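There are structures below to look over.
Shared between the two complexes below is chain A, which pairs with chain B and chain C, respectively.
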Partner chain A sequence: MGTKATGQVNVEEVPEHTVEIITNSGEGAQKCAQIFGATCAKMGNGVWTVEIIPAEIEPPHHTVTSTSGNIIRFGTGKITNWGDQSKLAVAFNDQVLLSRHRLDSLRDDCIILLEAAWKDSEDEELRRMYDEAMEEMSSKNYRFVMVPYEEEALKIVDNPNHGKNMFALGLLAEIYQRDLSIIEKQIAHIFRFKPAKVTEKNIELVKAGIAWAKENLDFRFHIESVPFEEERIVMNGNQAAALGAIASGVELCAMYPITPATSVSHELAEIIENYGGIVHQSEDEIAAAGVAIGASYAGKVALTVTSGPGMALKTEFLALAIMIEVPLVVLNVQRGGPSTGLPTKVEQSDLLSSIYGQPGDAPRVVMAPRTIEECFHAMVTARKIAETFRMVVIVLTDANLATGVGQFTRPELDVRWQQGAIDQSPIPEGLRPYEWDLETGLSKRIIPGMPGGQHTVTGLAHDEESLVSYHPSSNELGIKMRSRKLAVFQSTLMPPEIHGDDEGDLLVVGWGSTQGAIVDAVGRAREQGHKVSTCQLAFLSPLEPGLKKIFSRFNKVMTVEINYSDTPGDPYVTEDSRRYGQLAWLLRAHTLVDVECWTSCPGQPLRPRDIYNNIIAQLESTEKGVAA
Partner chain B sequence: MSSLAISLLDLEADSQVCLEADDYQKRPGKWCAGCGDFGALNAVKRLLAKEQLQPEKTVFVSGIGCSSRFPHYVNTYGFHGIHGRALPVATGIKLARPELDVFVTMGDGDCTSIGAGHWIHATRYNADMVVLMLDNNIYGLTKNQTSPTTPQGYASMTSPKGAVLPALDPLQATLGVSNASFVAQTADWVPAHLYATMQAAYDHPGFSFVRILQRCPKFTADVFQKNIENPDLTELLVHENGVDVPSLKQLFKARRVHDPKNIDDARALAHRTDKLRLGMFFRDDSLPVYEEIRAVPKISAEEKVARLNKEFERYAV
Partner chain C sequence: MPSEQRIGIALEAIRPNRERFLSAVSTTTEEIRGLLHGTGETADDQTVSLGQFASGHVDVERFAAFTRSDSRLTPEASEPVRSAQRALNDLLQMDERLFVLEVEPGANLGAEVDKRLAVIGDAFAAAHLVDLAKRGRYREDQHAGLLDGLRYAGWSRAERKLSPGLVVAVDGADFAAAQVAPYLDEGMKLVFVVRGDAPAAALSRLVTPGVFVQQARENGSLEAFTAFDGTAVAALLPNDAVEFAHDPLAGDTTYERFTTLDFPREIRKRSIGGVSPAQQAEDLALLEALAVVPVPDGESASDPAGKLSAWLLNQTNLVGEK
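Moving on, here comes the complex of A and B:
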C-alpha cells in the first residue's frame, strides 16, 4: 500500500474510519474538515468531528504547539463520539504530526499523507527536526506516503497556505470515493461571502487533489453509505443551539465574545434579524446578562450565551434574576478552567458552580444536552421551563458538542414555541406581584404595560407585594417559594433511561457530552460479558428522580466525567481528603450511595478505550473489595 | 437662604401640577431628612404629571444605593437591581419595548465607580432614556466612604486623612464619549432648574445624562455650602435650545450663553473649575438612538417557522 507503482488499485471495505487533518494554525484544516465531514454526512454516513485548535489565531508555524486540525470519524452506522485513534492522517509538516503522535492519537498502522517538502528542505534546521521527528515516530508502524501538497497547490494559487487544504480534500475525496458534486456545493456555501472566483479556485484545487491521488495512490477505502429513512440535518452543537434558540422564540441574544461560545452568536447574528430578533454585543459579560434580564423583564424571550469566565462575571445578575423571578436562559459552553484555562478545549468543570455559583440560596434549573441534537431541543425546553417556572435555566454544553459536527433527525417545529403577543391585560385588583401558590411556589408573571400591575422588583428580600421586607417570616417564605418551584419541576421529570440491564455489577453514570463515548465503552464491556450498564443524566438541578432506587440494583456506581478528582493512592490523598468528580459529589450528597468516579481533564473528549479500561479496573477492584 | 426661598416660590407657582404629581408617588421616600433625593423625586413627579405619563407604560430602573431606592417611591413599574448595573437592564428594557418610557436613577458610586463601564457604553448606545445621576459626592448607604466624585482632601471613613485623588468629573467623562447626545448639570438646591433640566432631558430623544448635585445631610452636608451661600460662585449656562429659567435671572448674576450644539465649548466648559456650572452642556437630537437602529420588523410565528424550516435546507443531508 502506498504510492501507485503497478497501476493496481486496492479497495478495502471498512465499516468506519477516522481521519485527522493536521496542519499549522492558519493553513485551513478546519475548512477542509468541515467540508469533508459534511460531505460524508450528506452521503449517508454517520459522522462525528472534533476540532484540534490552539487558543491563538496563528501561533508560530512548524512546531509541536502550532497544531491546528480536525478529526473526522465516519462510518456506515451512527457515530456518537470521536473513537479511539485515527487510521489516516493528512499532515502538512512533521512537527504537527509529532504532536499528534505524542498524544497517542494515531493508530499503530495509521496511513500518513505527509508533506514531501521538509525531508529535503534547504533549511538545515528543518531537515534536522524532520529527521528527529521521524526517528521518534519510528516506534510505530505508521505507513508514510509523501505528498507534494505545497508544490501542487502552487500550480493553482500564489499562496500555498490558502490552497493546500483543498488539495488535501481532493486526496480524501478520491481515497474515500466522495461525491464531488456535494463537495462543490459545500465549498460554495463556505465561501458564500467571498467573490465567486474563490469558490472556483477551491474547486480547482480539490480536482487537482483528486487527479494526483488517481495518478499516485494505490489504495482506496469503501465505506458503505446507508441513507437514513428520516430527513436529517448536519451541524455542530453551537449551530444546533443557535437554531434551537430561534425555534424557542428567542428574540434577543445578549452576549460578549468568549471562546468556545461565540460561534453561537455568529450563527444568530447572521440570521436572527430574519426572525424579528437581534444579537446585542454588550460591553462586557455582566452587561450581557443585564440586557437579557432587562429584556426578559419587559416581556421578550431573551438569552445570554457564554463560557466559564463569563459565567463567573454574570454571577450576581443571575442571582438577581432568580430573586425577582425573571425567566432567563443562559447557555454556558464549557471550556477548560479554572481562570482562563483551556479556552478552546473541552471540560465539564462548571457543573457545581452552575448549580451553586451564587452567594445565598439561588435555586435554578441546570440541564446538559448529551448530543448535538439535544443542543437544539434543550434550548426549546429551557425556554419553556424558564417561563413556566419564572426561573433561570442554565444549559451546559461544552467544547466537544460546540465544535463537534454530527447529524440528527430534522426537528419538527411548532409555532407554539414562538412567543405570542406580550401579555398586556389588566391586573385584577388585589393581585400581588408575588402571589405565590403556597403549594407550588408559582405566581403570575406581571409585565410592564399591564395596567394596575405597577410594582418595583427588587433584589432585596421582599414580600408578596414586592415590598422590601426584612421580616423573618417573609424572608423564609420567599426562600421557600423560590426553592419549591424546583421540587415541582422535578416532579415532572422521568427517571433516567438505562443502557443495558437494570441491575448488575457496575452502573456508569455520566452527564452531558460524554454519552457517546461512555455508551461505546460500556457496549464493549458488555460484549466481553461484564454486567455493566450506563445512564446519562440530562438534568443536574434538579436531578432526575429515582436515582437511589436505580443505584441500589448495582454493586457499584461510578461516574465518568471530564473534570478533576483525586486519584486514590496519590500523595496526601486519603479517605478524608479525597476530592471527587463533580457529578460524583452531587450524587453522593443526594443518594448517600458510595459513588466512585473516574475523571480526567486532558482538554480533549474522552476516548472510549480509556473509559473501557477504567470500567474494567473498577470491576476488578470491586471484585477484590467484595472478596476481602 | 435667599436662594432656597426663591426656588420654593417658583414651585408654588406650579401648585396645581404638584397636586396631580402626588398621584405618581407610591409611598413616602424613606431617605434622611434633608436628603437631595427628595428634591429629585419631587421634580420627577411634576414631570410625570406634566407629561401625563401612563404609570403602567413607565419604568424606573436603579442600581444600589440611597438614590437607587427611587423606584420604590414612584407609582410606575420599577426595577431595583444590583449595584452599578442599572444601565444594562434599562438598555434591555428599551431594546425589548421601545414604547416604554424609561428613567434611570443612579448615585455617584453606582454610576461612576462600580458601574463606570456601563455608563461609558450606555452613553454610546444612546438609548432613549432619562438618566439621573444623583451625585452627593459620597457613599451614603454604606455609611460614608469616598466615591470617585468626592472632592480631593474630603475626609471619609475610608480616607480619614481626606480623599487622595482629584475628583472624577462625570461631565468631562460623558462628553468624551462618542455618540453622547445630552449632558446637563443641575443641583438639588435650585429646584426650578432641576425641574427644567429634567423636562429637557425627557424631551430629548436619546440618552439624557443629568448630573444632579446634591447634599447628603449626614456625610456631605457642607460640600456645596459655599455655592449655596454665594450664588455668584455659580454660572448658569443659558441658551434658547438649552435650559433657561427666567425666574433665576435675579439670583444668578453669572450667566453664560452657551449653544448646547457646540461640543468643543461644552468640553472646555466642563474642564474649567473656576465656577460651578449648571445648565445644558450638550444636546444633539440627531444622533443615532440604539433601539431605533436595532429595530427589526416583527415576524409572525408562522412565518418564523417557515423561515427556520428553510434554514434547515442549508444543513440538510
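Moving on, here comes the complex of A and C:
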C-alpha cells in the first residue's frame, strides 16, 4: 500500500497534466471528474475534459467494456484538447485499466492509483483476471500505487460504490494541491437537492482521501494556477449551446431524446421558461421538426436539437422548411454512425448529409463551432442568419464538444442578439407572399395574422403567390431564388484565418471540434522547422470564400477529420475507387485542388500526436513524390 | 351575492370583447417593438446582433445590406412611437382593472363612463400615432396630444367595433342608465353591477331595435348577452327588479324581441336617487308598452297579455308614497 517510506515528498513542477479517472459504470467517476475539473478551472487553470461513457446503461462490471470515466487535462495555460496520453490514472479495477492500456491512452511512465483489493481477492477468477491484466500491462513502465479505496470508503459509508469516488477526489486534491474550499463548494452544489448529510459525508470522504495521500504518497505535482482577470464560466458544449440558444432568444425548442444531444434540452428545460421559452418533447424526431417549423412559421424563434439518426428522420420536414422558407435553427450533435452506431462517441460523419442529405435541391447553411465557447456564440449567429435569409441553418457539433468541459470568458449578454419583434404592419397592397428580389432571392417574411398577408403555404412547387404551380418557369424560379440566398450569404463571408504562414509545404484543413488538436500538432511540426499551416473552417455550406487561392500557396493540402476515408494501398482501393474524408470531398469538388486527407473514426477525439505523425508522413510522401 | 362575485360574472360576460381588444393591443405593441427594433441601428448594432461567432467570418457591413429595413422608423419618429408603446404597456398592465369602472357614490354615471372610455381610447390613439409615424406624417404640433385620452366621440367606426366593453359598478341611486345611451354603438357592451336599491326597470329607456338589453337578478344568466354579436347593455339588479331580455334578433316587432319578461311580486313606490315613483312608473309602463302583445280593440282583458297589462297598472299605482 502506498509508496511513502521515508516521509520525503517529491514535488514536481509541471506546466500541465492529464488525469484519467476510470471505474465501472455507476461508481461515480463522472462526479469525481466534474468536481476535480471544475475546481481546476476555478483555481485558474486551463481545462479540457473528455468523458468515457459506455453506450450501455448498465454494462457488466469488472470487464474491459464496462469502463466509465473521464479524462481531465489541465495546465497553467489554455488547454484546447485532451492531449496525447494520461500521466496519472485513478483506476477502481484492473479490467477498466486494461481497457485504457489497450487504447494506448496511458503514458509509459503513467502513475496508476489502482484499487488494492483485487490482487488478493477471494474470488479465484478475479485473481486470475488481475494477474493476466498486470502481465499484459507489464510491457509498460507504469508506476502502480495500490490504494484501498473500498476499505477506506467503508469506514465512512455503508456502500463503497457511493464513496470511493470522493475518496479518490481527495487523493487528487492532495497530489495536485487543489483548494479544498472550492471542492467543498462544488460538492455542495452537486448535491444541493439531497439532504445536507449527503454533502457532509462526501466532504468527509474527500478529507479522508487527502489524509491518506498525505500519509502514503511521496509525490506531488505543482501546476501553477493563474487566476483569470476576466470572469470565466465552466461548462460542456451542450450546456453552452443551450445557454447560447436562450441568449439568442429561442422561444421554442422542440426535440426528441437522443444521445448525445439530449442534455441540450435538459439544460434548456431547467431554465428556458424563466426567459419566456418552452421545451417541447415531441412524440418523435419528425414531430419535433414539425413543431419547430410551425412555431417559426408563426413568428417565434424556434430550434430543434438532435443527433445523426434523428437528422435522418427530420429530413422530409427540413425540406418543407426550406421550401416554404421558414427560418429554422437545427442543432445536430454528431455521434458515430451509421444507424444507431456509436451513441456516446465522437465522429464527424454528418457533414455531407447535413449539406446534401435531402431529396431535391434544398440549399441550407451549415456551420460548425470549433470550441466549447463557440457552441454558445454559434447559436446567436445561426439565429440571425436563419431569420435574415429565411433559411434552415444547421449547427454541427459533436460528442467531443458536447460532453467535453472547458472554461471560457463569461459572455456579456446583449439584447441585440435576439430577434426583434416582427413588424406586423399590414402587408402593402400587391405584395405577394414570395415576392422574391430577383437579385438576392430574399422576400418579406409574412406571419399569420398580418393584415393582407393571407396565403396558402405549400410544400408543393409554388409561384410568388404561394399558389401550387407546375409551370416550368415557375419551378425554375423558385429553385433559383432559394439557391440564390446561399450565394448571397456566401458573399458576406470572409476567407478563413490561417494559423501559421500564408504559404508553405502543407496546409492542414479541419472543421469543428478538431481545432485544438490540429493546432497543437501543427505547432509541434512548425517548432521542428516544417512549413505547415492550418485553417479550421467554421462555415461548410456555403464554404468560406477564397479557398482555391489559399490552397494554391501550399504544395499540398490535407484535411484532418473524424470520419472514414480509404487508406491508399488497402485491398481494392485504387485512385478510381478511393473514398476521401467528407471535407476533402467537398474541397476537391469546390476548388478542383487535389486535396489529401487523413481521417480516423476511433470513436474518440483525435490525439495531437496522431495528427502530428500523419502531418510528418504527408510531408515525407510529398517530398518523395517531388524527388521522384 | 357579494359585489366582487357579480363583477366577476360581468367581466366574464364581456370576455370575448376584452380578448379581442387585448389581442389588438398586443399586436400593436408587437408592431411597435418591431418598428423600434432596428431604429437607429448602427454598424455596431449589426455587428453585435450577428454574435461573436461571426467575428472574423462575416463581413458585417455587407451582411447588413441584406437585413430588411423597409418599414423602420426615422429617428425623429421614434420618440412618439415610444410614447405610444408606454401608453399601451400601461393599459396592458392594468389588466382587468381597465375594464371595471367603480363609480363613486354621487358621481355622474355618464361622465365617469366617458372618462374611462377615453382611457381605453388611448389604445386607438397609440395605434393612430404609430401609423402616422410609419407614414412619416407625425407632426409634433398637431399630434402631440393624441395620447391625452381619446374620448368615445372621437373613436372611428372600426375602433368602436373593437371596444372591449365595460363593467360599471354603480349605486342604484346613481344609476341613470339613459346617460350611457351615447355609448351604445357598433358592438359596445356595457354591464352594470348595481349596488343597493335601484329603479325596477332602469334599462327600459335603452330599448331600441338594434340593442340587446337585459336586466338580470342575482341568479340570472348573461349567456345570451355574451353570445349576442352586437351592441348590448345589461344590468345585474336586486331581486325586486324586473327581469327581461330584449334580443334584436328574436323578431321583427318589439314585443317579439322580448325573450324573457318577469315582473317582481311587488314594486316599490318610493324615490331612488333622483328618480321619482312617477318616473319609475313611466319606465315600467314603457316596458309594458314595448313588451306586451297589443290587445285588439273590443277584446276583453281575458287573454294573458291583457291580464299582465292590468296587473302592471295595478302595481304601478301612482298614488303611492313620494
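For the reader, a short list of remarks on this structure follows.
By our rule, the second predicted complex is superposed on the first by the 621 of 628 C-alpha atoms of A that agree within 3 Å, B and C clash if a C-alpha of one lies under 4 Å from a C-alpha of the other, contacts with A are read in each partner's own complex, and residues count from 1 in each chain.
Note that contacts are C-beta pairs under 8 Å (C-beta built on N, C-alpha and C of every residue); 3 or more make two chains touch, one makes a residue touch a chain.
Remember, it's a predicted structure, so these values are computed and weren't measured experimentally.
With chain A as the common reference, chain B sits beside chain C without any clash.
Of the two partner chains, chain B is the only one that A:I278 touches; chain C does not reach it.
Once the two complexes are laid over each other on the shared chain, residue contacts for A:G420 go to chain B and to chain C alike. Superposing both complexes on chain A places the Cα centres of chain B and chain C at an angle of 40° as seen from the Cα centre of chain A, in steps of 10.
Once the two complexes are laid over each other on the shared chain, residue contacts for A:K42 go to chain B alone; chain C is not touched. When the two complexes are overlaid on their common chain A, residue A:N238 makes contact with neither chain B nor chain C. Legend: residue contacts after superposition of the two complexes on their common chain; A:H455 is shown touching chain B, with no touch to chain C. Of the two partner chains placed by the overlay, only chain B lies in contact with A:E316; chain C stays clear of it. In the superposition on chain A, contact is made by A:L493 with chain C only, not with chain B.
In the superposition on chain A, contact of A:T388 is made with chain C only, not with chain B.
Measured by the number of chain A residues touched, the leading partner among chain B and chain C is B.
When both complexes are overlaid on chain A, the residue A:Q618 reaches neither chain B nor chain C. Aligning both complexes on chain A leaves chain B and chain C separated at their closest CA atoms by 8 Å.
Chain A uses residues 411, 414, 416, 420, 422, 449 to touch chain B in one structure and chain C in the other. Taken in their complex, chain A has these residues touching chain C: 248, 367, 369, 374, 377-381, 384, 388-389, 411, 414, 416-417, 420-425, 440, 442, 444, 449, 488-489, 491-494, 496-497, 538-539, 544.
Residues of chain A touching chain B in their complex: 41-42, 44, 189, 228, 231-235, 239, 243, 246-247, 249, 251-252, 254, 271, 273-278, 280, 282-284, 286-300, 302, 316-317, 320, 407, 410-411, 413-416, 418-420, 422, 448-460, 467-468.
Considering their complex, residues 27, 30-38, 45, 48-54, 56-59, 62-63, 66-68, 70-71, 134 of chain C touch chain A. Taken together, the chain B residues at the contact with chain A in this complex read 26, 55-57, 59-61, 64, 71-72, 75-82, 85, 87-97, 100, 117-118, 120-121, 294, 296-299, 301-302, 304-305, 307-309, 311-312, 314-317.
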